[in-house]
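Please find the structures below.
Same chain, two partners: chain A is paired with chain B first, then with chain C.
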Partner chain A sequence: MPRSALVVCALALLTLAARPAPAQDTTTQRGVRIGLTYQPGTKPGVVVLPVTGPDGDSVRAILQRDLDYGDRIEVITGDAITSTASTQTGGGGSAINYGVWKSLGAAALVEAAVGPLGVHVVIHDVTAKRAVRTGDFSLSGAPQSPEWRMAVHGISDEIERWITGVRGIARTRILYVRGNRVYVIDSDGYGERAVSDAGTVLAPAWSPDGRYIAYSRLERRGWDIIVHDLVTGSSRTLAATPGGLNTTPAFSPDGKSIAYAHGDENGTDIYIASLAGNGRAQRVTVGRGTDNISPSFSPDGGRVAFTSGRSGHPEVYTADVDGSNVELLTPFNFGDQYYRSNPDWSPDGRLIAFQSLLNGQFQVMTISLRDRTVKQLTSEGVNEDPSWAPDARHLVFTSSRTGVKQLFVLDTESGRARQLTHAAGARLGAWSHWLDHVQ
Partner chain B sequence: MIGKTRVVPAALLAVAAAAACSKKQPPAPPPAPVQAPNQDSINAARAREDSIARAEQARRDSIARAQAEADRLRAAHDAAVNTLTQVIHFDFDSDALTDEAKAALDAKIPILNANPGVQIRIAGNTDERGSDEYNQALGQRRAAAAKRYLTQHGIADNRIEIISYGEERPVAQGHDESAWSQNRRDEFEITAGADDIKGVQ
Partner chain C sequence: MRAMLRRLAPVAFLATGACFATREDVRSLQSQLDAMRASAAQADSARQAQLDRVIASLGLVRDSLGVMSARVIKMQGDVRGDLYNIGQELIQVQELTGQSQRRLQELRAQLEERNPNAAPAPAATRPSGAAAPASPQGAPTGAQPASPGPNQLFQLSLEQLRRGSPAAARTGLETLLQQYPTADIAPDAQFYLGEAYHAEGNNAAADSAYAVVVEKYPTSPRAPTALYKRGLYMEQQGNLTGARAMLNQLIQKYPRSDEAALARERLRAMK
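Right, the complex of A and B next:
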């Protein structure tokens, strides 16, 4: 299974990254508590050579930014790179002087050329002084169009895999709520567009293949779960949920069913309904009048994590999808107040991210499913609604640190954070899987 | 009807003028045979005048009484609507009905009993703290708590709808306890029979 191979790679890399080393942090933003130290020196230095062909400059800029945002590669740029590159490229195909690049800190070179059939990419190992990998990628759509940018992001992710052994996360998008609509934005912060009609909407979620989204919308008589097809543009109401409160949809990993919370006069409980089915829903939780909400599937689809108020205040629990083997996951008093919610199960199955009230403000934390180790990942402003990237390393979350709610992306290994959205009021981010078949 | 009331004062003036002129003449002529009928007609006219005035007064009194009754009913209606739509408030992260909330609900019960055609919708709301998603469920629980109290006191289940707005519809925009305490609330909307609501004594 490719996923297990990926997990092994990820674990191997994490083991390397965890080696003690002198802490030196220059890029971490203020206010982010660091779990592991961020060491530029431990990441392979990579130079992306000027890209030839039409829109080569744009392709190069996207590749450089994607590799940087992946946090596994040190992208080397600057005047020395520019002047060295100018002597070694320029259509003549002059031989690459590996010695010079090594002296500039490069472990690998990315050489790319845009041609009529797409992009031809060569990866050079500077130490071995030879080309180690080549590949051809097709481009689609007009330059700078959403599909064209997604195709270039896909190239970045493969380059990152070739160099580090781990696939990048550039070819992904993030859903969120801003004002009265659901929006989507590319992982690099480009291409924001609305994907819902105007209304009171909450809790957007992706299908695993990235074709469908689901969200909760306020109607006259309650909240409905809307399933929207991004390809055809059509929407429908999840038939299993007539009336009352229906919210926090989560697609199962096989994409065939949706777990969601349904509330009426007897509390709110979690149900699972088949997307193709007859509208019948299978009940997961028996909250006896309490609130049970925000389900998140384990990667194998066998368990769900959710928020429950059954003990008198919100805590995170896990249960089998048939409702058995309920476990309180966050039984500890991490802060001064009891309130933990909005779990998101990491794609590698190891951690659950959640928000915890601490000194009256929410902060994003993770808890290990193996040994229950808790890590606090944020500390400045209010930080909530974490959602994992498919690499199980980056999280998107809502932060008020700029004074208004915006989405931020956090590298949980290095602590480096970047602002993803810039239009005020973004919240409830949901990170997609890899969008291999989506333009 | 209108034509008649206009004619009567003119006739009275003519009679009165004739009587005044006859009194001013210095040489007293022999008692005029018309004097007694004159007095009678004056008296009659006065009586008619009084009767008209009384009728007018009665009419005005009747209108005033009707107006007062209408005002009283309108005030009772307005008071009943106000009582029925009186907001109740909650403590942080709680759906427990406070004594104040119970008193406000108790006041709604006789109005609902006196107006069986009235239907209401209870909307639960939360403050901005807490999880946006969990607050949807908390708002639902707050609306359900008020509905449960009313049905336990005899109001038919099918007369009350509930909905949660979570933290999406704050009435106070601030970010302090004063705003939060106003926003942790149930709102009551009359969805049927609003125009005919009768007050209760």
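Right, the complex of A and C next:
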């Protein structure tokens, strides 16, 4: 067999191995699996048993909601579950009648107890009729405080990892703009609070470690990039390119630099500046008088996706972070009046989400970086400004489907959407990474 | 005194005698004066009329010039607008050409995948005694699979690079360059070989691969990009003299490229 044929076979096999599973089955992915088997396209049924100890009901409600919002597990609830649960005490599986739970459709049971040291969790495999995983988690802060809720979200994510092999997205938050402030909200829609001073603000973004946020604020001399420390509460201006328009900041994956759009009379171009503030900002785009905005880093930090008007109307392009090797990403036809903008690179590097103007309304779409196939994800109302969750499966976006602008979360695999915010005028959502070191 | 008076008397008589003109003389003089005034007024009127006509003509000329000027300005604006639109359309055409070329390349790869025998014969000269690749036409290949085409190799390699397997990508690209050194896709393959080395963290090998792009394929659109990357690599290595030389070479050879604009900024930052 010729060497090139061997090479192509090897490349093809590697490529096939890299393709995602056709449905929800994630049994081949990393993480500790408990041996559950289920048909592709279905989700394992999981029952969260009543949680004993102080604030157990709140813990149970959060666990159920988080597992449901993860969209990889079918959380079984209802009267039958409540009455069955009341007759069983759990306790390491000794008193659990697995047959009954199996008849109710459960593949796994989550048993949790809140004690003085935290939460003790046991996962039961109903088919194997035994406890397959246990873990202890500490809780911090007063019940229902942001720290306490974050700790419970962390438990949810671990449970999801134990059951499906994929970590959940509960221990994350979403930044957005409402009115004249930047707000933050937990991934389940609770705990909304303002994190910026009043002012004309735009384009919030997270640092990878979740400690810093950056946003654009209108000052007397123009639009500035503000970097805010969520731990100390201090803010400072990124002074790399003072004056003019400085907007749409994005942290690099290593958290050491920020890409942003800087505009003046010569057009708007993307620059990258050190977060420490040393050195000049390095130019990334050569717009020649056109507008280039909304940078988004690839997960490895080697490339940047951005919106550029260099072809006459906005389209999504990618380039190396040094500014070279520019490629048009989104396809368009000659004379096309519609356009595509606001890209966000998925954390797994496979897709870029963007908004596309269709029949006068923005819709959220994704484009595959492998074969450049475009997939439209929304159609109801105006839907714009997508931002990926760290699981590269969920998106938060602004939608007017309720009549006013609100943030919605979309599961890109099942198409299920849920409303995240309920106060009118929420927009420009930005999903954080996992906030492992943030309370 | 008296003698003087006697001498002046005849002179005074003569002088005062001229003042004794008849009334007829005065009338005649008056009529002549009136005639002269009328003639002068008529001449003035004619001149005024002529002047008015000249002024009117000038006004017309001025208006015409104004209209002409406005037309010229509008035409200039139209031409500028048209030129801008043509420029934009050219950029669109360029973008679409690039898009079409990528699509064509993908289609070629698909074609090669579906019909391996249609793949172009490898153009590389092989050492004597080396096994020849599968013949595209009629060769008794039997169960032996035919060689993959350059586009297929390129697509698969690029896919590996994008999904974070630079070593696999590099193997594919090296095979492509070895088997099909004159393929249309060879400059891109050589460039992405540098990208694969860079992704592996082997920046020295990446620099060498970029150098081959510059030397072997100077007319390829990848050449200015490769030169720019070489300049940045030298800057990272602390070789500012070499970096400046490389970036200046880029500006000189490819002055209209995006990389040249970036190089000018890098040179300013390095001062």
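Simple rule for what comes next: the second predicted complex is superposed on the first by the 386 of 439 C-alpha atoms of A that agree within 3 Å, B and C clash if a C-alpha of one lies under 4 Å from a C-alpha of the other, contacts with A are read in each partner's own complex, and residues count from 1 in each chain.
The rule is simple: a residue touches a chain if its C-beta (ideal position, glycine included) is under 8 Å from a C-beta of that chain, and two chains touch if they have at least 3 such contacts.
These numbers were taken from a predicted model, which means no experiment stands behind them.
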item: Partner chain in contact with A:A203 - chain B first, chain C second, else both or neither; value: first
item: Contacts of A:N266 with chain B and chain C, given as first, second, both or neither; value: first
item: Touched partner set for A:D300, first chain B, second chain C, both or neither; value: second
item: Touching partner for A:G349 - first (chain B), second (chain C), both, neither; value: second
item: First, second, both or neither for A:T247, with chain B first and chain C second; value: first
item: First, second, both or neither for A:V286, with chain B first and chain C second; value: second
item: Which of chain B and chain C A:A276 touches, first, second, both or neither; value: neither
item: Which of chain B and chain C A:S324 touches, first, second, both or neither; value: second
item: Touching partner for A:A95 - first (chain B), second (chain C), both, neither; value: neither
item: Contacts on chain A seen with chain B and repeated with chain C across the two complexes; value: none
item: In the complex with chain C, residue positions of chain A that touch it; value: 1-5, 7-8, 10-12, 14-15, 18, 280, 282-283, 286, 288, 300, 302, 310-312, 315, 322-328, 331-335, 349-350, 369-371
item: Partner chain B, residues of chain A touching it in the complex; value: 200, 202-203, 216, 218, 221-223, 244-245, 247-248, 261, 263-268, 289, 291-294, 307, 309, 313-314, 339, 341-342, 355, 362, 384-385, 427-428
item: Chain A contact footprint on chain B (complex, rising order); value: 93, 130-134, 136-138, 140-141, 144, 147-148, 161-166, 168
item: Chain A-touching residues of chain C, taken from the complex the two chains share; value: 88-89, 91-93, 95-96, 98-99, 106, 131, 133-134, 144-148, 152-153, 156-157, 159-160, 162-165, 168, 171-172, 175-176, 179, 195, 199, 225, 228-229, 232, 258-259, 261-262, 265, 269
